[in-house]
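The following block contains the structure, expressed as structure tokens.
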Amino acid sequence: MRERLRYLTAGESHGPAISAIIEGMPANVFIELDAINHEMKRRQIGYGRGGRMKIESDTVKILSGIRFSKTLGSPISILIENADFENWTEKMKQFGEPNCKIEPITLPRPGHADYSGMIKYKTDDLRNILERASARETAAKVAVGAICKQFLKTYNIHIFSHTISIKDTYANLDGISYDDITIRAENNDLRCADESVLDTMRHEIDKAKDEGDTLGGITEIVATGLPVGLGSFMHSDRKIDGLIAYNLMSIPSVKGIEIGSGFSGVQKLGSEFHDEMYLSGRASNNAGGIEGGMTNGEPIVVRAAVKPIPTLKKPLNTVDISTMTETKAHSERSDVCVVPAAGVVLEAALAITLANTILADNEDSI
Amino acid sequence: MRERLRYLTAGESHGPAISAIIEGMPANVFIELDAINHEMKRRQIGYGRGGRMKIESDTVKILSGIRFSKTLGSPISILIENADFENWTEKMKQFGEPNCKIEPITLPRPGHADYSGMIKYKTDDLRNILERASARETAAKVAVGAICKQFLKTYNIHIFSHTISIKDTYANLDGISYDDITIRAENNDLRCADESVLDTMRHEIDKAKDEGDTLGGITEIVATGLPVGLGSFMHSDRKIDGLIAYNLMSIPSVKGIEIGSGFSGVQKLGSEFHDEMYLSGRASNNAGGIEGGMTNGEPIVVRAAVKPIPTLKKPLNTVDISTMTETKAHSERSDVCVVPAAGVVLEAALAITLANTILADNEDSI
Amino acid sequence: MRERLRYLTAGESHGPAISAIIEGMPANVFIELDAINHEMKRRQIGYGRGGRMKIESDTVKILSGIRFSKTLGSPISILIENADFENWTEKMKQFGEPNCKIEPITLPRPGHADYSGMIKYKTDDLRNILERASARETAAKVAVGAICKQFLKTYNIHIFSHTISIKDTYANLDGISYDDITIRAENNDLRCADESVLDTMRHEIDKAKDEGDTLGGITEIVATGLPVGLGSFMHSDRKIDGLIAYNLMSIPSVKGIEIGSGFSGVQKLGSEFHDEMYLSGRASNNAGGIEGGMTNGEPIVVRAAVKPIPTLKKPLNTVDISTMTETKAHSERSDVCVVPAAGVVLEAALAITLANTILADNEDSI
Amino acid sequence: MRERLRYLTAGESHGPAISAIIEGMPANVFIELDAINHEMKRRQIGYGRGGRMKIESDTVKILSGIRFSKTLGSPISILIENADFENWTEKMKQFGEPNCKIEPITLPRPGHADYSGMIKYKTDDLRNILERASARETAAKVAVGAICKQFLKTYNIHIFSHTISIKDTYANLDGISYDDITIRAENNDLRCADESVLDTMRHEIDKAKDEGDTLGGITEIVATGLPVGLGSFMHSDRKIDGLIAYNLMSIPSVKGIEIGSGFSGVQKLGSEFHDEMYLSGRASNNAGGIEGGMTNGEPIVVRAAVKPIPTLKKPLNTVDISTMTETKAHSERSDVCVVPAAGVVLEAALAITLANTILADNEDSI
């Protein structure tokens, strides 16, 4: 893998702050703080989110790398303070012994990092695992992605996402242009471009909420304005479809990634599947903008399967690690459905992938 | 990404040889040459393959890294000579001017690297692109994977694959154990464990062949015997689901990757989806063996959507790059369906991912 | 290169903060905040430092990765706020237009990043370069190194440094044990174990100061308690001598690195140079603890040539970039001699190298 | 580190072949096979080499990545067959049990990888270590470097080296231009530009040979024609001086690296050391072409301390690992002095570093 844009994120869910450092962003890229905070806000909305979203209202501080609204070429340091930390100073104290008895959490939630994490990291307090495994980390990713989006804008590349389905309710998008989809999806709290299914989706979410259950769905992420030839077939770890799958599958709750017509596309014959070329352009985009591990100039179209989140109010069966008895899982705070927000995080992951590939791919021929 | 096991592959489809070097394999791993060549052979069979598979009959030479059937810890150099090279010495001559007029290929095939490759690598002869973009590269990957499989065997980890669907014919695997699936899939040239659909599948392939068309399908890859805790949620680029998606989506023709119940699983409620824990084990494996970016001890289950290959005997519409006129695409040699062979390549990719993760993940806690 | 312990640093010299994130530190490592701040303090002392050292008095805040004095295995986020930032809010404003006229700096200092930086990063204000190129960055490195030192302590590995020479005054260390060197070097502001030369060294520094000039010297960095076999000859980019040279030569002002007897050692015959082995141990340590790219169990001994710093009160000839006329260089604040402090930074760089190698090198044989 | 040009080498000293794969070389670079073999030959000459150099006469086969003398942008696979392998098929057999009793080597040579290697790689036969730890690996490095040199030629960057000293005999190069040095150094088997010291050097080598001893020395490597701004201070692992030190210190026998005036330069005052700028250019090059971790347009000048090789005909004291008794070390074939050849290998390492940096450093500002 050619890594040109490096970044690290840090932060526990209830620690003092989430932070990130980006290294490798070129100098002289115009960056607006409002554009970053706008993405932070988009990540927090969505029908079906729990109470904490109101506490958070994340805002970003930039500690380095930008002067007079332009990147310096130096590492960009991002700080997102946790408004809620003051209530957690006992439980999340960094140095010294705990001031009071800290009750360890010992009830792993199926579907979460809890069980494997306790074994791998040799701890008997689940909090040592769930604090970092929390989706709170995606706040940092969205901030990093927001900076990459502004970099991509200088290349006229734009990224958006919209909800394809919630549980088994699917949007019908036949004949709607991408421009239209973007506008419509940004106008409702399900981030779905088919207004006719919004009521059903909300009803499903309400029902799950009443039952202490959770819901997943499918999100589509699209990038337009791409040059031809990002990525490469020359070595398999440089293929842009692989890189996209890597970065998007690494988002919490994502269990599937498909590009273009994906899993349903393979039911077609080769003559139906492949996007024939004419002087006027392509007849279709089943390839989702990627052929031979490279962009082909068409929009990149990716869909991600987002599983129902694994923290249920009505908790699942599990095994208490301290007593080795069967019981119900730990229940941390709970959202019911994060599909609309997941789209925003996935946009960020795609933005980071594309920014890195643009930067890494120069001079592939002389 | 923690890269502990590095490898590079090289080789043009009609060049003198395909080669690979693996660096980072520990010393003292028992390796059999037959086991490597067995995987090479598995890659070449499959109903629907074209004529070249008979020419190839790949065998591997090891040039370094192994002594008396044990790894030395040094780089392992792999050589797969192209039996067919003598017929290509004019067209693929490495040094000096061509001896005769070489007709450049100028008709990009939709679905292939051709069009984007010519632009990115600034060439007007498509052969400079298609030689490396060819799936011939996967011979090297299978050899690398075969060595990783033998490494994994020392951990009792086993990997296999089987065909889920060809075009719109799907196998029914209800109630069949993994052990059974492995045996059955290895016993037919479609690598499919449901014998009742083999005739339909073969018929589809024959029909496509007659029409000069191609077919795709879905393959499932499974790893068993895994320890708990491979991969990590501590930084998103260390999640094993992301790493698997990266390596499998980078295989030619793959357009989708799903883990566990994947895209269909998101139609379930959280209480139905998540794999409840009991003292006796898990009640289900919708997670496909991965929670929180780590293995949870259950089998890893991944499915890949393999598109119909893009070289059709009945070629697609394209644009001649030299004349900028509409015409039909170039037609290199042609398989009809590579789904059974793709499974073998995907096994190799999974083996490489797991071997790397095992090696990279030591001492995550002291 | 096997990168197991990743870190990024960020921060401009006069920006709001210096920060760093470390990823890959195992869980359950005992960390004391005082031990980190102790290293921060060691970096700031030293005869010949300028006024800013009094302003700085760096203290570290940990934003993540540690709970109840133990690492969680998650990224460790480090924040070092710049006490002085309030005086720089105009000049270093991050977003929006400058509030007042900012005079660009256009006089590159020979020996610094100024000239090449302005060209590479396409800026006409040298401040955009010198803020990040400043040795202020080493504050972050020392904090990262301080955490690595505590990790190494769990392996009984200890690192120290001492001044070998200031300009052309050399310490005489014949017959002094490492234990003794450590104690003596920590007891004076030149960090030199030969007390008999301290007066001469201080006199040289005073003289240079009076003349508006600067001084360099040589520092020795030593690591003891090492296991046999860190690093590897199996691939040249895994050799621990290369990795040490990489990390130490990347410290500002370092122009040479030698291991063991280094440049003078090559005047010996092979039979004199190589460290013969006996049942009782080695007869000498000309190899500086490294043979064949691996530690051999003897102390690692490295010396670094630290050039006189390039910001002189009596500035050097340069060319004004805005007018292309010959003139005198820009003069930012100035130290006279940083050799004692450089030793502390070099210790950090060695600690980071060793920590990474220990973590990256497990299971090199099964 | 930004890795844009990846390469792996492989091969045991007495195995069937040395090989390498380079990934990331751009398309359309003109490559001549003769130019590669010319470098292979330069590596093999030199007063003081042993008998094997006559056996070797290495020639390179290219298995991929080049067509009609131009790179394709695909991985370049390099094969150097060992003419001598037929005599080693018993001892270096790859698969199966040994055909006859293989006597393990158990006498580690001080100064070599032997002792640490046996422990790290858990073997009781030293051959498993010394085969890969042998300087034979540098044949692959020189081939890789020869390709990089041809890439650099398209940027008008040239690299050469010459011997500064053998043991304690130093060349006097006052007032000789680089052009002159290159010509003179290529004209004698010591690769030294001061003809007046050749006799003394040869005499030293002869004397050591008679006594079964070995000799080291110092080599200088120079690159000219460099653009301003390769490398970067923006993150310390991107500094070009660090990268050069990494790659050159990783060459067998190198124990020290200095840039520009290096260790002796630190005896100067800042006002003497730094290279003042005038409209007509720099007054000196004490910085060795690198300021702030970047090239400044002046020639890069690096010197390497090359230790006497550790295989002596008159072997050193060691400990027999099998019996744990004191004895004399194993004596594999032996050169007396490799300093002239080391220069050629160090040129290759510098060429690789610069090629990678040029490729990795594009678009550092927009």
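Lettered A, B, C and D in written order, each chain numbered from 1.
Everything below uses one rule, namely that contacts are C-beta pairs under 8 Å (C-beta built on N, C-alpha and C of every residue); 3 or more make two chains touch, one makes a residue touch a chain.
Not measured: the values here are computed from a predicted model.
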Co-neighbours of subunit C and subunit B - touch as defined: A, D
Relative to subunit A, chain with the most remote C-alpha centre: D
Euclidean distance of C-alpha centroids - subunit A vs subunit D, Å: 46
Subunit B-subunit D separation of Cα centroids, rounded to whole Å: 37
Averaged-CA centre spacing for the pair subunit D and subunit C, given as whole angstrom: 27
Per-residue multi-chain contacts in subunit B, two or more chains: 3, 8-9, 23, 27-28, 73-75, 121-123, 132, 232, 234-235, 364-365
Subunit D residues touching subunit A - in the complex, by the definition given at the top: 2-4, 23-24, 26-29, 73-75, 154, 232, 234-235, 359-360, 362-366
Of all residues in subunit B, those that touch subunit A in their complex: 1, 3, 8-9, 108-117, 119-123, 129, 132-133, 137, 141, 165, 167-168, 208, 211, 213-218, 228-229, 232-237, 239, 241-252, 254-263, 265-271, 273-279, 282-283, 287-288, 291-297, 305-310, 312, 314, 316-319, 324-326, 364-365
Residues on subunit D engaged by subunit B in the complex (per definition of touch): 6-12, 15-21, 23, 27-28, 31-33, 61-69, 72-77, 79, 92-98, 102, 121-123, 127-128, 131-132
